[in-house]
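The same chain A turns up in both complexes below, where it pairs with chain B and then with chain C.
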Partner chain A sequence: MDIFLTRLISGMTAGSVYAMIALALVVVFRSSATINFAQGEFALFTTYVSWWLTQHGWNIWLTLVPALGLGFVMCAVAERFLIRPVRKRDETAVLIVALALFTGLNGLAGWIWGSDDKVYPRLVPIGDDSFLALGGARLYYDSIFVVLSLVLVVGALSLVLNKTGLGLQMRAVATNPESASLCGIKVGRIFMISWGLAGVIGSLAAAILVPVLPPGQLGLPGMFHMLIFGTVAALLGGLDSVKGAVVGGLSLGVGLAMINGYGSFFGGSISLTVALVVIVVVLGLKPNGLFGSRRLERV
Partner chain B sequence: MTTVQSPTPTPTPERPARPAARSGPRVVVRGSGAHRAAQAVVLVLLAAVVIWGGSLDPFGQGQLTRAAIFALAIMGLNFTTGYVGLLSVGHSAFLGLGAYTTGILVVNYNQTAISTIPWAMLVCFLVGLLVGIPALRIRGLYLAMVTLALGVAFPEVVARLDGLTGGAEGMTIRRTLLRPPDWSGFTLGEKDAWLYWLTIVLLVVTFVVVRNVISSRYGLAMHAVRQDEVAASASGINVAAIKLVSFGVSGAITGLAGSLFAMYIGSLFAEGSFTVLAGITLLIGLVLGGERTLAGPIIGGLAVVLIPYYTSGIGQGQASAVLFAVVLIAVIFLAPEGVAGGVARLARRWVVVVDKRPESIGRGR
Partner chain C sequence: MSALLEARGLSAGYGQAHVLHGVDLTIEPGQVVVVLGANGAGKTTLMRSLAGLLPYDGELRVDGETVGAVRPDQMVARGVSLVPQGRGTLTALSVTDNLRTGAVGRRDASGVQEDIDRWFTTFPRLAERRHQVAGTLSGGEQQMLAIARALMSRPRLLLCDEISLGLAPVIVQGLFETIRGINEEMGTALLLVEQNAALAMGIASYVYLLEVGRVVQSGAAESFAQSDSIRRVYLGY
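Here is the complex of A and B:
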């Protein structure tokens, strides 16, 4: 039983992180109808900036301010000057630009800070006894912190989307950009803000996940797997649904923890494959995910 | 540019009569003496480059072999992603599948390296058909996700099947097992030269085959499917068959490249050579060289092999990644048809090749 609880806790922790990345992807998809393949690398870059500031004596919490701000600016600028001009052409062009950003940001981070792994400090320092005993399992404080962060992010995002004028505009653009534009909404500005928000969420997720999830260090290849898990979570829940991202992320995290724990063949090294089989099955059976809205296509 | 001409070229009436009198591009009729001469010059130049490559030192020759192998792999990707518009991020899996088919047959079943090529292509063709099945229902971004899944899953599956593939430690093909066949006249010591010429010959053969397929009725159908599936289907094209078969053929071509890659590199590490990052590299090469062009994959192959090599000293080895990003964005914004297409467009300012006007409309091509 305590092993089950331990696995459940680690699954919830990982799942919260996947859910946060999925949220970033969902916010972008709702505005631009594209998956931002470079989302993970934007986050990687800002996390390097945050790490670099801690090396200069900054408090780790304080470094989040410029890091998240940079995440907002970078994503918004990328949307305005790189994505939007090619959006009208076709999906391939958008994807190629995203892949270029993916390669370029990764290379740039390596160019500036070197390709060796960095030790990134924990936002919540934990000692040997900083856990709650829970029926034999240990619930470390940083797991609680990760789950709480997800709750906060979802709460804040829902508040923005549902209670503010900006959120109303964002929802209008998500439903139908042309009608929204006819109502006087500056659609381009909403695109930029959406991308920026996604950048903030992604950067926050990265800062939280780096010390918590294996390998526990900040390295160049690290965010790619996170992006894949986040994408699976978003696809599972439906690419345009906030609720879907959370449900998808948590169920993916817990599901993988259970499969890795109890499945003999599927264990350990093959978890990405399991996650991706989920993608293919979901896309085959329910292309819009669990909570996604159907999109009609006019020929 | 594509080699498919519109069925009815529409030159202005006076153009064939006095082409040089007007300012503007020079008009060359396809199949005329001048056109044949130009083609001959290009062929001679290419042959000179190939022969020059054959006389290079072993390292330079190895780089060219590698570039030719990647050109083949990108040619395979071009077949489905370029011509049919089915975006694939995971073609690294076909490269790996071809390589491991060759590796396993050579190491475990004592086959000669060259005899494994058809098997590698067959395996990749069948897997390509299988991967093509999701492409019947989903498109664009979602298809990219499925192919991404393929690309990410491949190294993990290889690591898991360690009895067959050597798992995470990799698989080493001993050099003596890659002995050139007796009829070739190459000795074991000349294995690298043999591989260079083998790759070049296969590249040329594949180039000609792809060129002919693309300008055939089947090629027209591929274009039609890319532009509008509904319209294509309304014109009597079996869209499902086109998609499946072109995914299979695409896999087979990239598998051929993989088989050669196994002979070239000698030791196979799924986590090293065949990750999804390799698939992204192939896609970068394709876009950079030029989608839906014949020369594009060759330019792309040269770029993805030579640029990282020459920039490895700059920026802690990361300069090539940044450079690729900049070039890709420049290509997308300035020359969406890639380097090959961009050069062709520039060249059209001075020289235009037009089809000979058909004598009678009734005799189709």
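Here is the complex of A and C:
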């Protein structure tokens, strides 16, 4: 039982992170029907900035302010000046620009900060006794913090979407960009803001996940797997559904924890294989995912 | 006084397919204008260019001011609002949210609420379904919603692209009475593209006849209705 609980907790922790990355992808997809494959690298870059500031004596929490702000600006600028000009041509061009951003940002981070791994401070310090005993398992405070962060992000996002004028416009664009523009909505502006918001969510997710998930350090390849798991979670949930991203992320996290835990005979890590299988199964059987409303035709 | 909307030599199309070839068209404030034409004459293309959805060549003026390359939201800001063919309601949003979305350009929150109430009075069936998601409405109700939503921006010109399409005659009759009332009460000019020519001619004061992307005839509605050829082809009697 306690080993099950331990795996459940670690699955929920990882799943919350996947869900947050999935949320970033969902916010972008809802506006512009694009999967931003560079989302993870944007987040990696801002996390490097955050780390660099800690090296200059900044408190880790304080560094999140410029890091998240930079996440907003970078993604919004990328949408406006790199993605939108090629969108008129076709979807393949958008994909290629996203891939260029992916490698470009990674290369830039390496060029500025070097390729050796950095020790990124934990937002919630962990000690010998910073856990709650829970039926024989240890529920560490930082696990609680990760799950709470997800709750906070989902709450804030739902509030914006459902209770504000900006959210109304974002929902209108998600439903039908052309009709939205006929209502007087500046659709381009909503694209930009959506990308920016996704950048904030992604940056926050990265700052939270780096010390918590293996390898536990800040390195150049770090976000690649996260992007894959986030994409799988988003796909599973339906790409345009906030609820779907959360359900998708948590079930992927818990599912992988269980498979890796009880299925050790598969060998070390089959997480990526499982992720691939999930992608194929979802695309094959239920392209709209669990809660999605928009068809996948433009991906 | 300058015309509300004026097109000179308007040409538009989709990629290599040129649909409109130099259309001239004028709409005065408060006027009701009908564009008649067979399938493929370019009626919808005309409406989409006027609404800012399609790039065009030629000149487009609103209140005498040349607008140039323009987006739909900019046309809405200038007082020109389109009810697109196929309705274009925001299917995932509630009826009320659709109406609120129609008013995004406005800053007078109390006026917006007044207008929502007003259209709920005009269209009681929308009021009954105010919390329902638009995609679950019937065709007629969606068309009512599309019209009400376009009016939420308080346009001075309402472009209606085939609002009778696929609807039962009794509903179409009601819709036309409603838009005629809107024209009379609020002075909103109407540009109608209609399959149901007889009905549209009934409320119009000026008619354009479009054939393969060109205006081949235009004139006051009464003189049009008296022309035998027009009657036979478009009015069917």
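Here, the second predicted complex is superposed on the first by the 288 of 299 C-alpha atoms of A that agree within 3 Å, B and C clash if a C-alpha of one lies under 4 Å from a C-alpha of the other, contacts with A are read in each partner's own complex, and residues count from 1 in each chain.
One rule holds in what follows: contacts are C-beta pairs under 8 Å (C-beta built on N, C-alpha and C of every residue); 3 or more make two chains touch, one makes a residue touch a chain.
Nothing here was measured: the structure is a model prediction, and the numbers come from that model.
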item	value
Simultaneous placement of chain C and chain B on chain A, clash or fit	fit
First (chain B), second (chain C), both or neither touched by A:Ala174	second
Partner chain(s) touched by A:Ile279 [first = chain B, second = chain C, both, neither]	first
First (chain B), second (chain C), both or neither touched by A:Ile185	second
Most chain A residues touched (candidates chain B, chain C)	B
Smallest separation in angstrom, by C-alpha atoms, between chain B and chain C in the superposition	14
Chain A partner contacts - residues on chain B that touch it in the complex	81, 85, 87, 134, 137-138, 140-142, 144-146, 148-150, 152-153, 156-157, 159-160, 168, 228, 230, 280, 283-284, 287, 315-322, 324-326, 328-329, 332-333, 336
For the chain A and chain B complex, residues of the former touching the latter	34-35, 82, 85-86, 89, 91-93, 95-97, 99-108, 110-111, 114-115, 228, 231, 235, 265, 269-270, 272-273, 276-277, 279-280, 283-284, 287, 299
Parts of chain A lying in touch with chain C, wherever the complex brings them together	165, 168-169, 171-172, 174-176, 178-187, 293
List of chain C residues in touch with chain A within their complex	51-53, 71-73, 76-77, 81-82, 84, 88-93, 97, 100-105, 149-150, 152-153
